Amino acid sequence: MARTSIAVVFAGSGGSGAMSAGAVLLRAAAHAGYYGLMTQLFGAQVRGGESASLVQVSIDPIESQPDRYDLFVALDWEKVEQFAAEIPLDEASVIIADPQAGTVPAGIAKSKGRVVPVSMSDPAATKLERGVQGRRVNMFAAGLVGALVGLNPSDLQAAAEAVFSDKGADIIAANAKGAAAGIAAAATLTLNARLDPPKPAARWLISGNQAIALGALRGGVRFVGCYPITPATDLVEWLAPHLTALGGRLVLGEDELASVNMTLGAAYGGTPAMTVTAGPGFSLMVETLGLAVAAEVPFVLVDVMRAGPSTGIASKTEQSDVNLAIYGAHGDAPRVVMAPISVADCITTAEYAVYVAESLQTPVIVLSDQALGQATTVIDPSDKRPPPLKRRLNGVAPATPFKRYAIGTDPVTPMPLPGTPGFEWVAEGLTHNEAGLPASGAGAHVAQINKRAKKIARFDPGPYWGETWGEGDTVVLAFGSTIGPAREAARRLAASGHQVRIVALRVLSPVPMEALARALSGARRIIVVEQNHGAQLYHHLIGQKAIPPSAESVARPGPLPFRPSEIASYVV
Amino acid sequence: MTDTLTQSTTAEPHCVYAAKDFSSGAHPVWCPGCGDYGVLASLERALAKHGRPPHEVVMVSGIGCSSRLPGYMSTYGFHGVHGRGLAVGTGLKLTRPDLEVIVVGGDGDGYSIGGNHFIHACRRNVDMLYVVMDNRVYGMTKGQPSPTTEPDWDSEIAPGGIGLRPFNPLAVAIASGANYVARGFSGDPNGLADLIVDAIRWPGFAFIEVLSPCVTFRPEQMHWKKMVRPSSLSIEQDRAAATALVLGDDGFSLGVLYRGDRAPVAPPIKPQISVADVEREFALRA
Amino acid sequence: MARTSIAVVFAGSGGSGAMSAGAVLLRAAAHAGYYGLMTQLFGAQVRGGESASLVQVSIDPIESQPDRYDLFVALDWEKVEQFAAEIPLDEASVIIADPQAGTVPAGIAKSKGRVVPVSMSDPAATKLERGVQGRRVNMFAAGLVGALVGLNPSDLQAAAEAVFSDKGADIIAANAKGAAAGIAAAATLTLNARLDPPKPAARWLISGNQAIALGALRGGVRFVGCYPITPATDLVEWLAPHLTALGGRLVLGEDELASVNMTLGAAYGGTPAMTVTAGPGFSLMVETLGLAVAAEVPFVLVDVMRAGPSTGIASKTEQSDVNLAIYGAHGDAPRVVMAPISVADCITTAEYAVYVAESLQTPVIVLSDQALGQATTVIDPSDKRPPPLKRRLNGVAPATPFKRYAIGTDPVTPMPLPGTPGFEWVAEGLTHNEAGLPASGAGAHVAQINKRAKKIARFDPGPYWGETWGEGDTVVLAFGSTIGPAREAARRLAASGHQVRIVALRVLSPVPMEALARALSGARRIIVVEQNHGAQLYHHLIGQKAIPPSAESVARPGPLPFRPSEIASYVV
Amino acid sequence: MTDTLTQSTTAEPHCVYAAKDFSSGAHPVWCPGCGDYGVLASLERALAKHGRPPHEVVMVSGIGCSSRLPGYMSTYGFHGVHGRGLAVGTGLKLTRPDLEVIVVGGDGDGYSIGGNHFIHACRRNVDMLYVVMDNRVYGMTKGQPSPTTEPDWDSEIAPGGIGLRPFNPLAVAIASGANYVARGFSGDPNGLADLIVDAIRWPGFAFIEVLSPCVTFRPEQMHWKKMVRPSSLSIEQDRAAATALVLGDDGFSLGVLYRGDRAPVAPPIKPQISVADVEREFALRA
């Protein structure tokens, strides 16, 4: 049987190297010209707990986790069972395990997948090699699977070298040897794992978090105020040295109150600025978000959503910060909220977010999620960039007092940089008059609230409002990481004769009413799919009268990703 | 977006400015007799003496009577939310080292809700000035005890006194790493102006605690003018000794109490790479 | 002409004693058996700025500010003009002013109200009296107006004594003399100000903020964590000594993060606990609000709303924290949100809020607003109390580990007090299993989210959902301080033959769907009136499908209160 | 609602407990070798020695590896949000003085996001114990510099080092008013247990900074066992001297560094009035 894709799990206890095995397989496949997607599963332990990498390799782009896995490779069996619910296996799955590691635990065995015993640890390893590598068989496993799917040894060896490039020569050599042994062992197995040949082209290997960071850099962000929080930390860790090299700066605040206020300070000074956080940090920032609305200071807030409420599950995905993003902050504090459409689109959405923030002088929230952010994937190089939009710095004459918050036909008013003579103004969070001086009368209050509301109401994202695919009169409306599985569901349904239209919202608020109405025209059924309990987006869209009360809601919490089959079976 | 980073023309250095050049002319909301008038006057004098033009100065503040100050000056300003002025100032100064950034506020703003930013700003040592107008009360919200309030000060919310040991801002500042620590008095605008100039010019994070009476809720503070006296205590470099000294002091000695020599945080470097270079890191050898 | 009510303004610069004049008039009238309502207007200055007290006296209960004022008494003219927009006067208004204070400023004069010159400062005052009283003529004014409306001198003198009871004998005497002079001067004026005789009964004089405090005390609140913020500070200032005397405690936190977490700590220990704040503080608390949801720790959060966003206008009213109250916090964090229906109802709503929080082990938010909170009013003694509901402390056997978060038919599970042997449990903000230990699997996550959602979904406020008045098929739906003017509008419309039904929501979230549907049954028009720009309640109700998309919205920001005429003229 | 305030039966004092009576038996998420195991063991021993039963003890924490500790003990507990443990503990202890309240957490939790609560808890002097497991890193988020991290410690987010002067928790605690300040080491569970008992029994706010290595992100901290030594420095009452001493110290001297004699916040008084009395204040003489 021809195979266009395969889904593989490497699982083991923390320290078993499951992540590296996945990374090597993904990189080798990508290098050979395949598309691929890798996500990571962790237990609660920082180290020594269970961990798994979930890798898909395909000749076509992949934007969704699969319904099931073809291959499950156990690096050891300690605690792996805890993941059983998150790694769907079935009778057609193949479970590769070293008999020396013990018997297959019940939670895995109950899948009835065929167990293929393979002795993975190298009996011929030298003492040094064992010392360097411990009992780790991860490179053996990567080599084995790589060879089984048909990757060539040199790609696998090169990938291993790239993944361990910051390690010493001893480790690199030991890993190479492990991979070679795995490759050799593959020849002894007969499994239907070989992929059709790929369609090579220039591609990028990138994670969603890196993609957001890159988009922000493209947009001009040169200051990031942040405080570590899972699953956003790797975004800022990647960004820090790059920002420095680009002449910018990343500052670790003492908390999120500091980091968001530092971000505002930098933005006030003229530097496009961003803060990056997850739910708990975002909650702490909403007072300052309101300040940015009132004082009209632009910045981008990236929220890599994780399972909530409160501390929830830090390392796993959910889409439950929609309400906070759209409605969080006291007072009338309208802002723009957008979500990336895919891992690749994280680049575009982040860059666009910076432009919208800068040009509207308003906070823009980017709602990413762990499933996008910590997915590493192969994408076509991103070259379609949103047209740059700039902050309006001038266009009026100096004056004393300068009317920073002038009321006129254009609600976006010039925002001269500090340092510019003749335009001295105070960014003001109190109700203020046109000159920015505190005022407590109804006139100024209503005028300024209208000014800010107008900026948001007039905001027209044009083609950036979202995307649609397909033509059916059944519409699945989704955002963020839920779009991938929805599209995959639609593909499958189309194959079986059901046409389903997918509507993907990039701009969640203000709702792009006209574009959405066009996208929904002729729809007989509208199904809003989202990964939270409260059907947050659904109620928002109903509340804004963007979809009819008859629209349906498919909403459930994380941390399990939506599977294409889950969506498909709801639709039919 | 590069042009947003362009610095505007910087006026000639060493221009001659008068204090009034730093006044916006707006009428303060402050009560007649409030100490903050003296602080405002001192800042105007100090900036005139320092010699940088108003448009190169940014006054940043939080919320409180004292935090209204930026609106009364002719400089740029940022009147943010309660307690976060130092964070705003930090982000601004780190990205715009060409500007003179001065953060101001009250004892509630700085030591209560803003306490964490205070200790970390001292530690971070960004080259800016922080001026706290300490009246030992939340003035704006009409008279509640702040961290510096005496334990036995009677108020509606804490009849008979709050009963807590007052926060010692100078000791905490020195222990936390501030590079310049002084105490001023709003009733001595010339002395205070001199301190401000000195503090601005000192590298790193400079902190001036200013005794600034609240005549409305703490009228007894009008006696401060009889209690203050110049300090002969200034200590350089030795923060252990300086902290001990300040902890032993009665809180009314004025002047520079500590000066350190830590290098402030360096400004960002010139770009070494381009965004295109960054993109190449993601490219697979096709 | 018989007069059943009169609306009076005392205005002057800060320090002129406008507030005391109003307080004396209100108290004297209340003592005589009238109903009354006093609100306060301040400028930005802490002291020395403009200030005005707005007093209505009536033989019937008053729950709304009037459309216009009958009498405007200027204690001086400095800056009073700034209030012109907030104090509607017209040709029928009478403006009493001392000619020595200068001419009537344009902003006031343009009302065309009749100006009645009265010399207010006492030429016969002794030097001591002048010294004590300054140029203050406020007691003269209070005496004058009191006598004009027909109050007897002894009531006025007693009221003055009560209002200045914490002042020295000199001041009391000087004030008494001032009032006497005013009373005497009234005899020289002929003005149609005399009220019909009152209907005396036992009544209370109370402000909305005090009423919330009293309700909380009745509900059992014995710990309050707070941080000062206008317009909530006077609530906690009043509460502090009372709590102490009742064996409880009020703690001033270093910020709102501290105060809300202290509140949770006290609540965990078994003490019904409350925090009191306004918009900016509330924004800072939403992370911890989510913790209380997840860990199932009850507490009451009172938000006395003011004009936002950001610092906004601290001393003036708005109803713009609805979104934050219902939707603020990351993750799925359902909670109960309620709003008092009137000043008197602040007592009931606060007491009920404590019971709901304690019995559901969940945070309950009480959305009051400045217009309710800082209104002082005469009410019938509050004796109808909600039936007490208690926290479920036990009902299961000790166990190791004790299953604090057991999943069963009742989503409310026992919450033993720390100190109870055999039930040791950890309040947990991470996703947890039934025993409260952190868990990261989908099973526990979904089970606990469902448990908490069920508590809220099953919550049935019964008769406490809200109230309705009238029978028309036009419905005005309102909450908080907007209800008063809506009811007054309905009364007037009824008088002119238009029947309008008023539906007042106490519970804003979860929307009491059935009760609301009953209340709305037969409605042809539904008009949601609220004081914010975003029509926050309106969109919430549409989003929850509680009202049809055809419902109308009347939403505008503060700080001006809704006037009955404004609502009436929209309706017809 | 009054019964919610009823205190449950307090077990006989002076029961004999073993350390294991304080263990929940749950398996810690900590890495093998993490210093926090030693702190957990010390707390169990100390509480056994102290002699109050598990149900009278409440362990309160924030978020971090170290903050997971309450789940591993058989006492009551409150695992709150990041940085707010001290506030939770304060509200609890003030309303339930009959309970033993111990707040625990990490250096990030306590000195970074929780810094403000730290200084104000010292000032407030509520009778409870605060134990910080300081590993000079954010462990839970996989290795970023915390306030106590050395300026040159290399990490992904701050390549080459964060470059900031480390926060000195002991000096700040003493300057801010903590009544008992000590340093312990997780590798010396007996010594640490003794300190904990001493600190619990000392009136007012007691703070123990515990050096507790993060073997995963700071493996070099395994050398701490060679660097620590008992301090001979304990100072009573004189906080100026104690602060100076601590500021001059290298950070590895163990033991009690300061003991003060400030009276802790008093528990609430017995009710003097009823709610009906309060209501009467609103009644008009009809």
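Things to note:
When the chains are written out, they are named A, B, C and D in that same order, and each has its own residue count from 1.
FYI, a residue touches a chain if its C-beta (ideal position, glycine included) is under 8 Å from a C-beta of that chain, and two chains touch if they have at least 3 such contacts.
All values derive from a computational prediction rather than experimental measurement.
Comparing the CA-atom centres of all chains against that of chain B, the greatest distance is found for A.
Contact count check for C-D and B-C (C-beta pairs in contact): higher for C-D.
Averaged C-alpha coordinates give centres for chain A and chain B that are 40 Å from one another. Chain B and chain C have CA centres that are 37 Å apart.
Per-chain Cα centroids separate chain B from chain D by 31 Å.
Of all residues in chain B, those touching 2 or more other chains are 29, 63, 81, 83, 112-113, 115-116, 120, 147, listed in ascending order.
Of all residues in chain A, those touching 2 or more other chains are 44, 244, 254-255, 280, 287, 291, 295, 310-311, 314, 429-430, 438, listed in ascending order. Note for the complex: chain C touches chain D at residues 27, 30-31, 33, 200-206, 210, 214, 217-220, 222-223, 225, 242, 244-249, 251, 253-255, 257-273, 287-288, 291, 295, 354-355, 358, 378, 381, 388, 390-391, 393, 400-401, 416-430, 436-438. Looking at the complex, you find that chain D touches chain C at residues 1-11, 24, 26, 29, 53-56, 58-60, 63, 68, 70-71, 74-81, 83-84, 87-96, 98-99, 116-117, 120, 268-275, 278-279, 282-286. On the chain D side of its complex with chain A, the touching residues are 29-32, 63, 65, 81-83, 112-113, 115, 138-142, 144-145, 147, 156-159, 162, 216. Of all the residues in chain B, the ones that touch chain D in their complex are 112-116, 119-120, 123-125, 147, 163-168, 171-172, 175-177, 239-241, 243-245, 247-248, 262, 265. Residues 44-49, 227-230, 233, 236-237, 240-241, 244, 250, 252, 254-256, 280, 310-311, 314 of chain C are the ones that touch chain B when the two sit in their complex.
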